[in-house]
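For reference, the structure is listed below as structure tokens.
Think of it as A, B, C and D in the order they're written, each chain with its own count starting at 1.
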């Protein structure tokens, strides 16, 4: 373990940029903490925190200058690895011939994620499973993923909609990072305890002013993370959850939640593991050029399950049920784990505050 | 000696739907009727009971060509009611937005609607077959204007960002920068436009007019000023309704307006030509220079030359936009706090085709109790008819076909917007013109 | 593609503001290319040349509010192989449909000296209430990229891709911050048809529903949420009564709140 | 991958078979498929849809696709002519258990208008008729007008050791076959549940009752195979559209063994 003092943290960004990385990380915009390009640590949400509730998010001032003193916002890193819209391929018509042009992946951007949380690392691992570990590999995702450098941050506080502990996905980053920071503001000092997670992480760290961590410092860091674990705003009982949901496809609770659900798709858009996409055909007026564009899609739309003659899931109930059971049950069969990391985004960003932990509990309390 | 009827059932290349009927007997013009037959959409009625804050969004739907004008007149009228004055960068942004609309509307009219008349084409699309580069320049000018409106307003048609008190979101200085680049190109293209249209053939048609426009102590008018004319009118906007009389005519869905105290039947002229004649001294040096080099003095009384004036105003709009961008610093808040109170407020702003008047009576809850809107085209309608009468009388020798084309061109001098003009008028049963050619 | 004779495009206007057809002229980069692919056979706003029908593709703007127009749209339909309505006026009656259901005499006599003249204007109805419509493009105004999509889709013989899900999906894709969750600003995005690219939230205001209802709008649930943000029934009525006031879901929801006020 | 339409055959009104050949030689040589699998077929400017391969795998150079024109893409595909070029990705998905079925009786159950996936299996068996036992083909339709492949059924009926059973819900006067849902025919035909393997595709309601009947008759759940349809964008498990409970129809299916999906089979709007 090493320690970087607050003023030296900018060297980390400089070092990353020197290596050709584009640092992206949390920054304040339009009343929330979102992810975007970061030039210096001043771009981070210095002295900000967030308060979250089902359907409610508010930025608040902290009484210190913490850089990472909040939890997760509406963005997730999938925006960079699995972008909201991406061209898949193009076709040119030349006479009766058609030529297909695939996308070049060699110029994939080289991102450095600053401040990825434990739950987010788990989410990335889940998308890795989807896009990299099956019979087919998503080349675009793969090249972005390969190029990636991750500076994780262990959470110093939990949000009111967080339940990563239940999902065994946090609050401490255990794997899948190059460097992991724990931010400490105590006794007038402001420093970061750094854990190295990869050879490149260690190499990079050598380019930044740091010193070996003292025992007290690592203990403080551990204490902070442990405290966070005790602060979880939500919990979810996961034991037997898959079976519970498999047995309750016809539970009346689905009707109740459907009465509230807007089928707006926000939960799927903010979810860091949701991966579904649609493809649109884009043509121009020349009639000689066509493009296939992939876009984030959601199981809450009617078109999602459309087959000729109608949608397979016309009712909002069936769509909510698909989403929840996919996340918490069928995901296990598909990818060997739950599809939920307990980040709480879908709870906070649901405009009507539907809370999946409550839905699960309701089914558990009265289900088969 | 002949009798002749000119009948255009569906005017083309104007905004909205209108028809023209002229009858001549023994070479004398008997009747000139410009019918604006867009079905009325009853805006004044449906504004009643709406929240004041909805007025800019609702009235913008009166006209897709000049939505910004409606938004500007609405917010200024309501702000006057509430005693709010928007100043500094917010005021500058509004001017900037208006520059965008003028540039857009003028580029549309000059290139796509009016120029084909001078060069003898049915449309700009036909014109593009011989003058592709020119039409493309016009389209790029329009596109630049739309980029400006889109950045400030969210979209080019019915922008979503204008509100009473200011905006919902204001751009940063950075965001405006790339626009400046494009506007510099546009300014050159506008100068090029002036040169291009100055060389068009213009009929001899100098007329005596009463021009009416806003006049501001320092600026070429957009949103503020007194209402003045070259015949001594000089009033505050609050006196508008005492001054302007609107009358119904049996054949049109638009009211005719005239000024109180003038002779019955006297028309007045609003729009670019009026602004130009009354505010030449307020144009930027570059725009003045462009006008002079196009052979215009500080007055111009040939409405056919309004195409040059529009082009000069395009130069001005670019120039002014660049000036505003250069001096812009983002304001601390996107909008001033607005508290409704029981009050009435009126405002006039200069829509691309002339003054647009709004008045609202608002109650203590901020609900609109009464609204009145007088758009430029209904003010110009009588003037157009007067022009046509004179013009046709002067050119009775022309063939019917040629005369018809000339009449259309004369109507387009005013860039009439029929959607605006008929937004609230009485529908005449059975007046629907036939527009289907099957 | 076989170079058959160019398909004929016609643009028709009914009660409207002209904004939707202006969107076609706003396709500055594509306009000339378009004229290379289709024959602009009837488009009064742009050309005095009128080519006889029938037309392969008719774009219809505006609502039907007079008996003459009700007759005219039937003729347009007969002349058109494909008829696409563009904009809220044509697809839902537009803002002028606010008169629908009101005592029209009373409504107009507020302003008009001779309300008798306008007795025929009792309603403003969408085109589809009068003739068969092949496709409806939403928006007040329509989005010009979507208009181009409709035209190119027509040229390629496919269905236009103008998803009918919520504005929220576009809001999130563009990375905007939800104004309702983060600021407590009422937003109609969750019940509004996508297409604008979530403009309003990107400009820090709530969506006001100008694209009309989405595919499965749960207006009741959204209203309940708005009430938690201190929105009154009165305000809810107005929110659902704007440019798509006559679209079923919005009309029903506004009526519900009218009843609750009473 | 670009593929050329080398032949086009009309099967019925609105149904055409396109014979495609991949243009790239190297790709063509590598292309191997099994009956039941499908390709994603792309028409320029219109879109891409999943279509089963119905030709025989011994000749993977030529790929037959029988397409029913229902919507935009399928209509356009049916309008293509010889020499036109489409895009082809594939083959994707699982296949019929035709190796396992060798030496057994095969029961084919289809219904409705689209039954391309089982045609691939029937064609395969026909080409290797002696390798299989009795072949019973059950086909249910709503009205006689929906019987699209009269010729084919006649030809199959004529093959050795092969029976075709047709049933119409709403027959007309000239209908000579059975009346009612197709599953009612099972009662009349002697099937040896121990020797039989079932391959099925068609509307899900029909398949539900067919499965029930067959189970009642003693056919083991792991001897019943179904081909399912779901919306599909990518065909490689990325787009999520084709989920069916824990399955992705594009990669776990489209051919699924009944015992693996029995848990989900009766759930509506799954």
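General observations
As a convention for this text, a contact is a pair of C-beta atoms (placed from the backbone, for glycine too) under 8 Å apart; a residue touches a chain by one contact, two chains touch by 3 or more.
Keep in mind the model is a prediction, meaning the values are calculated, not measured.
Across every pairing of chains, the maximum count of C-beta contacts belongs to B-C. Centrality by C-alpha centroid: the chain sitting nearest the overall protein C-alpha mean is C.
Separation between the centroids of chain B and chain C, computed from CA atoms only, is 25 Å. Centre to centre, using the average C-alpha position, chain A and chain C are separated by 36 Å. One finds 51 Å separating the Cα centroids of chain A and chain B.
Averaging C-alpha coordinates per chain places the centre of chain B 65 Å away from that of chain D. Residues of chain A in contact with two or more other chains: 93, 281, 283, 287, 303.
The set of chain B residues touching two or more other chains is empty. Multi-chain contact residues of chain C, defined as those touching 2 or more other chains: 152, 156, 158, 204.
Working note: touching chain pairs come out as A-C, A-D, B-C, C-D.
Contact residues on chain B toward chain C in their complex (touch as defined above): 10-17, 38-46, 48, 50-51, 54, 57-58, 61-65, 67, 108, 112-113, 122-126, 128, 132, 135-136, 139-140, 142-143, 146, 154-158, 160-161, 163, 168-169, 248, 334, 408, 417, 419, 424, 426-430, 432, 435-438. Chain contact summary for the complex, chain D toward chain C: residues 44-47, 71-73, 75-76.
Those residues of chain D whose C-beta lies close enough to touch chain A in the complex are 1-2, 42, 44-48, 70-71, 83-87, 229-231, 233-234, 236-241, 243, 245-246, 248, 251, 263, 267-270. Of all residues in chain A, those touching chain C in their complex are 29-32, 34, 55-59, 73-75, 79, 84-85, 93, 259-266, 269-270, 280-287, 295-296, 298, 300-303, 316, 348-349, 351-353.
If you check the complex, the residues on chain A that touch chain D are 91, 93, 96-100, 130-131, 134-136, 138, 246, 249-250, 275-279, 281, 283, 287, 290, 292, 297, 299, 303-308, 312-315, 317-318, 322, 326, 329-330, 332-334.
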